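Across the two complexes that follow, chain A remains constant while its partner is chain B and subsequently chain C.
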Partner chain A sequence: MSANANRHQLCAVEDLDPGERLLKTISDREIGVFNVDGEFHAVANYCVHAGGPICEGRLSGKVTGEAGEWERDWECEGEILSCPWHGWEFDIDSGEFLADSQYQLITYETEIEAGTVYVVLGSA
Partner chain B sequence: MATQDNLSSISDLDMVVDADAHISERAEQLVPYLDEPYRSMFGGSDEESANVATPSYPKDELFRALGGKLQWEDVSTAEAEEEAMERFGLDHVLITPTLNLYLPIFSDERYAHALSKAYNDFLIDEFLDDGPEGFKGMITISPLAPDKAAEEIDRLADHPDMVGVIVGSTGIFPPLGDRRYDPIYEALEDNDMPFVLHGATGSFTSAHPFIKRGMKSYGELHTVSHPFTQMFQMTSMLGQGIPERYPDIDIVFQEAGIGWIPFTMYRMDNEYEKRRSEFPTLRKKPSEYVKESFYFTSQPMIEPKQSKYVAWLIEMFDGTDNLMFSTDFPHYDFDTPEELFNMIRNHFGAEEVQKVFGGNAAEVFGIE
Partner chain C sequence: MGRDAPPDPETDQNRSFERASEVHDRIRTNPSVYPSGWVEQVRFRERYDLPPFRPPRFADGTRIRECTEALESEFGVEVGFTAIDIDEGWRVEIGRDPAFAIDRYRDDAANTVIEMTAAEFEERVAKAISKR
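Entry: the complex of A and B
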């Protein structure tokens, strides 16, 4: 992991516990940083649907079920980010919009070095 | 839209199928076909036979004929249906009932089922078995007892001229996405039959009393009755994943025109995208299921001054694959083949127009 001009410091690993998030502005971009079970995800605070502040939305799970079956489940707790404006749900790991995988969250690569979380811009 | 190979005259069409051709069966015609005890209960005398409808067919308080300004032809015999076929140049007619579209609002599910059986036997006996080759029928079912409806599908699905299963769709409650109808879908799947939904304005008093009360004329009521009915049923089927569960069943919506189709499917896409938690069993957007599994009959065509708007609406639901021409004759708002043909012939290629006029119906109903 070599330092480069696109790499920007986000926070210290110890400042963001699992399940927590923070919002930072870097190079005029609002970026949300999420600690999901120890994995750090950086997401542009801009929903690809209508430009809503997606990083301010609820991070939770999703309802699942099989057609024709009685059971409904709640899965992927802590991995599904939904936009507060219109409820579009995204898998924070794959970035996919659950209702149509042609739409993707705008995400950035993160790196951890010496206890610090970095985002690499231009990697979206 | 192809422009090179347009058809110029309706006589260029290889085949015209009318995907909604009503007969006007009368209650007393069904009495001889009713199972006991209903035949004896309601067919005791000629006078009472005429009143067989009294227990449950809705008393029609609607001002349908505008005091005689609108005239209904009676199509209660095979001869009358054959005459209609010849008059409009139809090669095949998909015969649909009239009174027996009212079965969903019956109180007595046993009687409704008995009437559906009587109608089916009447249709076979008096229309299909001796009628011209172009007559095609559908098994009418009552949705009130789904297990019995499934038995009726099994009983008649092998008849060579029974090409589908039809249900009156106004008044089916809960609507058709509900689990209670699983036996019907299973029978459709087992017998490889398309499922045809046809609304009925006469059922509105029971099915949607407030809408009926609020509409001050038949014209107001009829503006909303068919599309509202079909939107209600289609939304339920999509929301509950019927086409996801039964992808091989073709589902046909009759007599609501085409304007409601793109509106409903894309509006529901919006709901799905924003409230996916409530549709967890869907694997694609409602509009995609519509394009794959749902079919529509054309009448009543809207008639905007510019026919391009009709073509655009048709394109919005992949209509050249999913639309079937229909007359709805003998009702006051019937369409002639020319009406639809003139509207679309400049906007679609010959092959696409042929599909709308017969190819799509032939494929769905197995008509040769």
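Entry: the complex of A and C
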């Protein structure tokens, strides 16, 4: 751990390729860290809906389109996290529930230093 | 071990755990004496009207934190839990080295339970450390 008592080492950058995740308990928290195209996102492993293990869910994308238009697009591949219990979907970066942004997962800041990924607790 | 399954009240109702609601209330009313991760969970669950929080435990009800802290103090090495491939499940790491796999689940109140007793866990950790 660094001089910042809230900063905890997660893994080496090289140990988590894009699209991969790591779950870890830190200070009695269950935290998932995800490499999304080289950006690291850390999320508490509890869904807002029923407390399910959200970080063990599927990563995918989302369908977008304009109201009243037939055309639809598939976007944000690998950035949408769905809960394995009931399928609630969240933006991995903001932690927001796609259907209603007032519901939000606990997220934490991540930092990279000297090839190591850190999570900063208390940054939710 | 597979992914966590949805809670099954039928299988959890007879477990002799301390009531989650009582633990939750104690943390809520006196947050300064409890670990920040527990307080964070209590506040999260109250915000979204989720089931009460109970700190992660072993199958016999022993809190994981208390057990791992005692082991870390005794052996002078970090004891943690990690899942790298979620389909392969969680494992125990000792000094950041993989030691052995564990089964775990979320109970009817969405709280984590490890499927072994604290005594079994202590024995396995001690054995793993002796082989290092």
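Throughout what follows, the second predicted complex is superposed on the first by the 122 of 124 C-alpha atoms of A that agree within 3 Å, B and C clash if a C-alpha of one lies under 4 Å from a C-alpha of the other, contacts with A are read in each partner's own complex, and residues count from 1 in each chain.
In this section, contacts are C-beta pairs under 8 Å (C-beta built on N, C-alpha and C of every residue); 3 or more make two chains touch, one makes a residue touch a chain.
None of the values given here were measured: they were computed from a predicted structure.
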Exercise for the section: With both structures superposed, pick whichever of chain B and chain C touches the larger number of chain A residues. Expected result: C
Practice task
Pick one for A:111: touches chain B only (first), chain C only (second), both, or neither.
Solution key: neither
Exercise for the section: Check whether A:96 is in contact with chain B, with chain C, with both or with neither, and answer first, second, both or neither. Expected result: neither
Problem - Which superposed partner A:48 touches (first chain B, second chain C, both, neither) - result: second
Exercise for the section: Applying the touch criterion given at the start, work out whether A:87 contacts chain B, chain C, both or neither, answering first, second, both or neither. Expected result: first
Exercise for the section: In the overlay, answer first, second, both or neither for which of chain B and chain C A:122 touches. Expected result: second
Fill in the blank from the handout: Note: overlapping chain A surface for chain B and chain C spans 49, 86
Handout entry: Residues of chain B defined as touching chain A within the complex
Key = 182, 241, 244-245, 272-278, 280-283, 285
Handout entry: Residue numbers on chain C that touch chain A, as the complex places them
Key = 3-4, 6-7, 35-38, 40-41, 44-45, 48, 50-51, 55-56, 64-65, 80-84, 86, 90, 106, 109-112
Problem - chain C-touching residues of chain A, taken from the complex the two chains share - result: 21-30, 44, 46, 48-53, 55-56, 84-86, 103, 106, 121-122, 124
Handout entry: Contacting residues of chain A [partner chain B, same complex]
Key = 49, 62-69, 72, 86-89, 97-100
